[in-house]
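You will see subunit A twice below: alongside subunit B first, and alongside subunit C after that.
Right, the complex of A and B next:
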């Protein structure tokens, strides 16, 4: 592993995420394991979401591509809704050693804005994308709200305090359009 | 051709109940191997193949004035026939270039987008950064320690080139190792699709940081890609034999005897790579092999598929009648 290059990459990636929409930092001292974030592109179902990406580098990096997957659940034809595995050519045979963690993350972000349903990672999602784009967008948006917007719902805390799980609480709030009282009633009624 | 019988030789052995093919190997015999005139084929060693391949590339370079890596792509696309390249070159250049994915001025279509991207070798700069290791090089250092791929102009330090090529060879690449650079196509980043010229690769692998083992692997794979994509050349099927046979225009795949002999004396059918089997046809041998596998007691294929020529008592194909009368 080329430590000199990785240190430079690390410096370049320290910029705040708001600046170019992606960021990453090593979580292991040997620089082989990183955690990255990408912001959902505006005007997409992912807008407003912040997605965590798991990045593993082999000893041959950058001559071999970084291994990337979504840690945050996401509804997208080219990402497994189960495992977060990403189907993106530059992370496979189109990789070039002149690309970097940053450019790879930017490419993943671009994939969110332009799905490729004909080269799917998740057949179920791709099928929904092709057969009913409106339904797809609604699910993708729901998943973004549910999984990619941590802390965005301040009203969630009272529900958690009542002993409901984060997922239950989020879903109830989403359905109640943020009305805590309605959400509580919904949860208590067992709906 | 006469039908003289070589009476000292039995064509087949009835007692032989295993599946080996006991066939007369005397050239004098009309159903023996290598009866095919030698003008029908050329014996090649691995070295001959390298030379032949280079010569073809050189011919195309001279004809088209294209760089070597592009000529290689064209030949690969045209099944390594210089004639086919030449005919299409005079007939329809655009079609020829489109076939190999290159534009009319000889550059890969996708590579056009590369120009102006990072890393073009501009010598009026004081320093140049290798976009792979992100190391800065002074002008004089760069001239010695960096190299540029022809066709796209991407520049990297030699150490990075070697590591890139080594990784690709280890992954099984050779004829299509692409440049280490990146490009921007239809708004998407991807690797530069320029194929590295073989002289460029070999020079780097011979230099510091390259390994002789990788160089050897690379060269072997290049030859394989040539042979495997060239219908007129086949490796000798004998174990560990590195010879090959190239058939000429006068080779007739439907002729009576299609057996050839390599420089080390191995004799085999050019069509099916099996042992020589005239007068039986390749399909007969295949069937017989299958039958052998299913039923170990099957007798010699000659019994099943041939009868004796009434004239010369030599085995002939049951369908065809004697080919020599």
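Right, the complex of A and C next:
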């Protein structure tokens, strides 16, 4: 592993996330394991969300791509909704040692704005994207609200007023795909 | 006033004539050397591709090795990598 280069990359990535929408820092002293964050692009279902990315570097970096996956759950055709695995060419056979952790994170961010449903990582999500884009957007937005935002979901307040906990309310809303009435019924029948 | 020169020492400087400052692979300055070497100069030369992108020879040779039997591509522009004959 090229430690000199990684130290430079670490400095480059110290800018606040608001500046370029991505950030990362090493979580192990040997610089082999990093944690990154991506802001959801504006005007997408991911807007307002902050997504955590797990980054592992092999001893061959930068001659091999960084291994990246989402730690934050996300509804996207090219990301596994179960494991967070990412399908992106530059993280596989199109990797070049001229790319960096920062440029790779920016590419992942661009992927959020431009899904490739014909090269899916999650077939269920890709199917929904292709059969009903509106339904896909609604689910993606709910997942962003549920998993990628601090604080409450917009429609959660009525459920909190009824005495349900924030966790219960969020999960019920997610299952009911944002339909407050259905979420209430779900909670009441389950209780 | 008369000045008498009693001795002099010639000092030369050199630099690689690369258009970029730093190698696109290791990101270290061309006036230095690649991460595996300690002394800049002929032992750690710069090479150019036909596409005109320069790299430390040791860095680009490693990348070519990693690409195996696939088409060798320039890390910067992805054109097929050919060493530029000087």
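Throughout what follows, the second predicted complex is superposed on the first by the 152 of 191 C-alpha atoms of A that agree within 3 Å, B and C clash if a C-alpha of one lies under 4 Å from a C-alpha of the other, contacts with A are read in each partner's own complex, and residues count from 1 in each chain.
As a convention for this text, a contact is a pair of C-beta atoms (placed from the backbone, for glycine too) under 8 Å apart; a residue touches a chain by one contact, two chains touch by 3 or more.
Everything quoted here is computed from the prediction, not taken from an experiment.
In this overlay on subunit A, subunit B clashes with subunit C. Once the two complexes are overlaid on the shared chain, A:107 sits against subunit B while remaining clear of subunit C.
Of the two partner chains placed by superposition, A:28 touches none, neither subunit B nor subunit C. Looking at the shared chain after the overlay, A:90 reaches subunit B, while subunit C stays out of its contact range.
In the superposition on chain A, A:130 makes contact with neither subunit B nor subunit C.
Touched residues of subunit A were counted for both subunit B and subunit C, and B has more of them. With chain A as the common frame, the single stretch of subunit B that clashes into subunit C is 167-175; none of the other options in 77-85, 167-175 or 221-229 do. Shared contact residues of subunit A with subunit B and subunit C: 2, 4-5, 8, 60, 62-64, 96-98. Per the touch definition, subunit A reaches subunit B in the complex via residues 2, 4-5, 8, 60, 62-64, 89-90, 94-99, 103, 106-107, 110. Those residues of subunit B that touch subunit A in the shared complex are 118-119, 131-135, 154, 156, 160, 163-164, 166-167, 179-182, 187-192. Contact residues of subunit C toward subunit A in the complex are 24-28, 35, 59, 62-63, 66, 73, 75-76, 78. Residue ranges on subunit A touching subunit C, taken from their complex, read 2-5, 8, 60, 62-64, 96-98.
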